[in-house]
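Each of the two complexes below includes chain A, the first together with chain B, the second together with chain C.
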Partner chain A sequence: MSLKSIFGANTMSRFLLMRTVSGAGLVLVVCLATFVAVTLLPGDAANFVSGRSASPERLAEVRERLNLNDPVAERFFRWGLRAVQGDLGPALTSPRQVSEIIAPRLRNSLILASIAAALLVPLAVATGALAGALAGGSMDRGLSVISLVLLSMPEFFLGTLLAYWLGVKWHLFPPIALFDAAQGPWSNPAVLVLPCLTLVITNLGYPARIIRANVAEAMSGRVVLTARLNGIPERRIVWKYALRNCLAPGIQVISLTLLYLLGGIIVVENVFQFPGIGTLAVEATQQRDLNVVLGLVATITVIYALVMLLTDTLIILVTPKLRTLRF
Partner chain B sequence: MTKTNRVRLSDRIFARFRENRARTPALAACLGAGLMIAGPWAALAETPQVGGTLRAAWVGGGAADKLDPTTWLTILELARISAVFDRLTKINENGKPELMLAQAMTPNADASVWTVKLRPGVKFHDGSPLTARDVLYSFKSAIGRGYFAATNFSMIDLQKSRMVDDLTIEFVLNAPNAEFDRVVSDASASIIKDGTTDFSTTAIGTGPYKIVNWVPGVRTELTRNEAYWGNPVALDKLDMIEIDDDNARINALLSGQIDLAVNVPPYFASQLEGAPGYSVAYGSGSTAPAFYMRQDKPPFDKAEVRQALRLAIDRKKCVEVALDGRGTVGNDLFGPSHPSYARDIPQREYDPEAARKLLDKAGIGELQVELVTAPVVGMLECATVFKESAKKAGIEISIRQISPADLYNTQSVYLQVPFGTTEWKGVSFQEMARTGLLQSSFANETANKNPAFDAAFAKAEAALDPAARNAQFAALQRSLWDDGGYIVWGIQTPVTAFSDRVGGYEGLAGAEVGFLPSGIGNLWIKH
Partner chain C sequence: MHLRELSPSGIVGTGIVLGVVAIALFGPIFFSGSTEIVGRPFMMPTPGHPLGLDGYGRDVLTRLMNGGLTILLLVTATTALVYAVGIPVGLFTALHSRALSASALWLFDCLLAFPPLLLVLLLAASTAGGVTAAVIAVAASQVPWVTRLVRAAASEVATSGYVDAARLRGESTWSIMWRELLPNIRATMLADLGLRITVSILLITSASFLGVGLRPPTADWGLMAAENRNGLALQPWAVLAPAAMIALLTVGVNLMFDAWPKTSGRRHSAELTENVA
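Then we have the complex of A and B:
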């Protein structure tokens, strides 16, 4: 039975199937790599559960209870089998379930990332379009310099500066995101301001520059020239003709930025002690809580794979040439 | 000694205020042991206010945090234990045991049997009365769990120890121990309810605070125990928040998100001193960052090598650089704030020439060693100073830096590497010895496996006269000073920072004589 007989000649569904399969493969490979990496780190969770004050016998007992003595391959297989059924197992360093630990943290991070993205995307498109439309002018040059500065600013550096100036010095916003992970940031929305600001500022440069380049290119193209000769107002030309032409690269760059945001969030969360997946990842790695680390990695990889799939699908939908392409 | 007199006066004042149930230990506060305040003195003279919430930040252990008083690992856990639980005795500001839940502790003629009379009318947080059964169970459970307590209380013969009546326990010891009233002041000796095995969600003690809400790795919300046998605390609520990152903890304080921060790194202290609205308290204590050399691993199996390294470290510079001058030079011994500390032993100085001679004598000449350390409380900085100062003695130290979280990782570093880093907080020589210097100690960092030492230690513990006992402890410290494996280069000054709204912090921020932070019950806040 061929794929074609299952899905018919529909290129789109075949594309989706292929991407789903490769996405699942990606998740598997990343989890395996993480598993190996964490087991290679010196020490295990038993050390952190019992630590310095435990007798060697007690440590051995804890190790046995956590199944840390079993062969690595067997442990990974067991974990994988459970994980595909949606069970991430118990944490090693606390009596709770991994999913129970990750869920509120993931929600907090997604809230932070969504607000940052909601500000970032329109801002990037607007500044990119503005600079591109006025390519070569002083406004363009100014924006270009600013975006380059923002692009090269590391999150931890800007985060620390903002925490100091806006938090400690001027008392405008809390420099530390002190809130109960389970309750979420809405109990005190002010804690979101500085992490969001850091994420938006440091991530704005790249998409803005790409959009600017594409808009500038489109503005010097024949379509725009014809439109201008037809007397169409300049603003309409930018929005309707130039921007539409860079829809595909725009989606691409925005999705890349969103994925990058997921990485940046780990640093930013640690600067502001924001109880999300970033701070959890650092803590779990330090404590060698393999189950939590794996649960987190699997979750993040699935999100990555989904965003990439969505991006590619959107690009195909908005690009007529690709829509009819045969895979 | 003037310090002792001052403290006694303060104790008397505290006692009187307890009787009156008036919460005005202002004068006592001013007289707090060994405490220097850089900040407005006005706050001290004010009357404590009842009520309010105090938010205090500690360094914790994350999701692995526990409420079990016998399995603690972090300072936060210790602070929480002293808030929620009581012990039979506690170590007071003089470094001496003081009765807590025990009304009397009497040894027999050779201190091999101790009779403990409990304070009547003490209630657990759930309202049940404290009985001898709870006390016996607490020790049985602590020993059974296999943590530090297993060695610390190994002198108790659980089979023979018994409950005499509801409020009397007879502890039969395996060997005479004249310091049993000090031994039971340990955090692991916290009294829990008979039959308690689960500490996963809450903990029930007899302490001044009750747990309202506990989120591991995040916060512990405590409230006043109205039925406390002592003076009820002033605060309505104490919020213990976990902020591990030093910068974040200070930022949270300076932005008003918290009122008090403990474990302030020395280099932040000067920055905080000038900040309006905030004060810094320096305690005097026994927290000793140290390097350990394992005597069972070459080249540290040679006494000359250990002595040469001890002479090759510029301690003064270490304290200056690593502790920002906030501390005192160490003399390779632990527990300087305790009565048992051997004060007569001369201070070891930096002497690279003598070190070189020792190495020549041992026929070693040039020595190359690797020191494993981590960036915590100035250890890495001190290691760097050590590396430089040892060059003059012909010793080449290479530094291997690891993550602070791995410092006590027994699978890779701790007790494995020949030359490593450690830290002992607030303990006396004898407490430290039980945990780390006897053959049975499982934190025996220097591989001190010496039957003669163990025998001499047991003999000292049995000496009934405190002066004679301390003299024997001093002799043991001398032997360690002569050829032991520790390089205790400095004694750190504990730094606590707080907003001017906070009062009654003297006990908490002051002299760190016992392993448990004391005075957590005296905190109050202006509101």
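Then we have the complex of A and C:
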């Protein structure tokens, strides 16, 4: 049975199927690479669990319990089968399961990232459109320098600066995000303000610049010229004509920004000691709890793959040329 | 390139970079004793210690003057490693789009699925940690971008007449890569260089900040910002001063390189960079 007979001539669903398969392949390869890297260590997990002075009998017992004597391929296969069902195995440095440890931390990080993204995206589109519509003017040049400064700002610098000014000096918001990881940030929403602000400011520059470049290009194109000659008001031209023409690159850059946000969150969480996956990643690294590290890599890769798939879908939906293209 | 061709922000950026690099290079000559304990932990600034003392009672100014050299060295090593891998692979895959090239590119794409800092943490967790792990991980997260950029730029050049002519002359792939392709994508590479250096600085210092790479008591701006964070309320300078030095460096580098393509490079190369990055 060919693909065509399953999905008909609908090129879009076929394209999306291809992207899903390649996304799943990517997740598989990244997990396998991480699994192998973690497995081939000098001194296996049993050493970490039982400590340096453990007796050979104790080591053998731990190895047996963690199934470390089985071949790597078999262990990866078994780990993968359970991971698909949401079970990432036991943690090495705590009696809990990896999934139990990651789940509340992931929720906290996703809350932080979603609020930051909800502020970031409209702000980036608005500043990008403004600068692009006034391309070459003093406003555009000013915004260009500001966005360049923002995008080169290290998260930990801006984070500590805000924590000191708004947190320590003016007592406006808590400079450290202290809350129970299991309860989540809603028990004290004020802790979200400074981490969100840091994420929004440091991630704003890049998408704003790309959107500016695309809007500026569209504004000098024939579509906009025709609209101007028809006497359509300038504001409407920017929003209806110029912005619409850079929807696809806009979605692309916004999805890239969301992925950067996921990376930036690691530093920002550590600046504010926010109990999310970023602080968990650093804790697990310091304690060398490789099962937690592996679980985090798997989780984050799945999120990456999902964001990319969503991006591709949206781009096809908004680009008529691609919707009918044959793949 | 002449100084007067630069935009005002480019001149400011160049000035900042020269200043920070001068401090990093010459600071250690004039200020010694970065690990000496001279007083009470987190002492506020006094005339003798204009930036106060850190969490162990060491002079912040002395440590600040000594903490830039490591960053310059690590960033140089990282950026060199990125180009040492990215340029040959990118050039080769532009000339040969066979299975070998395709699999190399696909492998690099897998690296892009990691947030760079997660890659740094993963490598640190699975090895003994240390500086080498940090440099390799940061380089590995950047190599895919450089490879894509080199490949995109070189593919355009690869279809031109003089490359065909070189092929017909019987020149080797190696010689075409270095003598025909590389000189013609120089402008694109230069336009991208600033971004690469900035990202290298940001990732290397973030790695130090997260406790991966350099170890205390090394004086290093990223490490200083991390180890004195607990004293932010007592002595903010111990955290803000080193963090500000890194921020000045990254902002300066970006302002400086942003002024380059407008004055000396081709507009086309700037566009290509924006699309690939």
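Following the convention adopted for this analysis, the second predicted complex is superposed on the first by the 286 of 327 C-alpha atoms of A that agree within 3 Å, B and C clash if a C-alpha of one lies under 4 Å from a C-alpha of the other, contacts with A are read in each partner's own complex, and residues count from 1 in each chain.
Please note the rule applied: a contact is a pair of C-beta atoms (placed from the backbone, for glycine too) under 8 Å apart; a residue touches a chain by one contact, two chains touch by 3 or more.
A quick note: this is a predicted structure, and the numbers were derived from the prediction, not measured.
Engineer: One more residue to check, A:Ala213. First (chain B), second (chain C), both or neither?
Structural biologist: second
Engineer: Using the superposition on chain A described above, determine whether A:Thr93 touches chain B (first), chain C (second), both, or neither.
Structural biologist: A:Thr93 contacts chain B only, not chain C.
Engineer: So, A:Arg222: does it touch chain B (first), chain C (second), both, or neither?
Structural biologist: Neither chain B nor chain C is touched by A:Arg222.
Engineer: Touching A:Gln286, do we find chain B (first), chain C (second), both, or neither?
Structural biologist: Both partners.
Engineer: Touch check for A:Val29: first (chain B), second (chain C), both, or neither?
Structural biologist: The second partner, chain C, only.
Engineer: Is A:Leu151 touching anything from chain B or chain C once the two structures are fitted on A? First, second, both or neither.
Structural biologist: In the superposition, A:Leu151 touches chain C alone.
Engineer: Answer with first, second, both or neither: which of chain B and chain C does A:Glu57 touch in the superposed model?
Structural biologist: first
Engineer: Scan A:Thr301 for contacts with chain B and chain C and give back first, second, both or neither.
Structural biologist: Touch status of A:Thr301: second partner only.
Engineer: After superposition on the shared chain, which partner residues are touched by A:Leu262: those of chain B (first), chain C (second), both, or neither?
Structural biologist: The answer is second: A:Leu262 touches chain C but not chain B.
Engineer: Report, in rising order, the residues of chain A that make contact with chain B in one complex and with chain C in the other.
Structural biologist: In the superposed arrangement, which is not itself an observed complex, chain A uses residues 160, 163-164, 168, 175, 270, 284, 286 for both chain B and chain C.
Engineer: So in the complex, which bits of chain B are touching chain A?
Structural biologist: Its residues touching chain A are 61-64, 71-73, 145-148, 150-151, 200, 215-219, 241, 243, 245, 247-248, 251-252, 254-258, 403, 405-406, 408-414, 442-443.
Engineer: Can you list the residues on chain A that touch chain B in the complex?
Structural biologist: 42-44, 47-59, 61, 91, 93-96, 101, 160, 163-164, 167-168, 171, 174-176, 178, 180-182, 270, 272-273, 275, 283-284, 286-287, 289, 292
Engineer: Flag every residue of chain A that touches chain C in the complex, lowest number first.
Structural biologist: Those residues of chain A that touch chain C are 26-27, 29-30, 33-34, 37-38, 41, 145, 148-149, 151-158, 160-161, 163-164, 168, 175, 209-210, 213, 259, 262-263, 266-267, 270-271, 281-282, 284-286, 288, 290, 293, 296-297, 300-301, 304-305.
Engineer: Per the contact definition, I'd like the list of chain C residues that touch chain A in the complex.
Structural biologist: Spelled out, the residues of chain C in touch with chain A are 9, 109-110, 113-118, 121-127, 198, 202, 205-206, 209-212, 222, 225-226, 229, 232-233, 236, 239-240, 243-244, 246-247, 250-251, 253-255, 258, 274.
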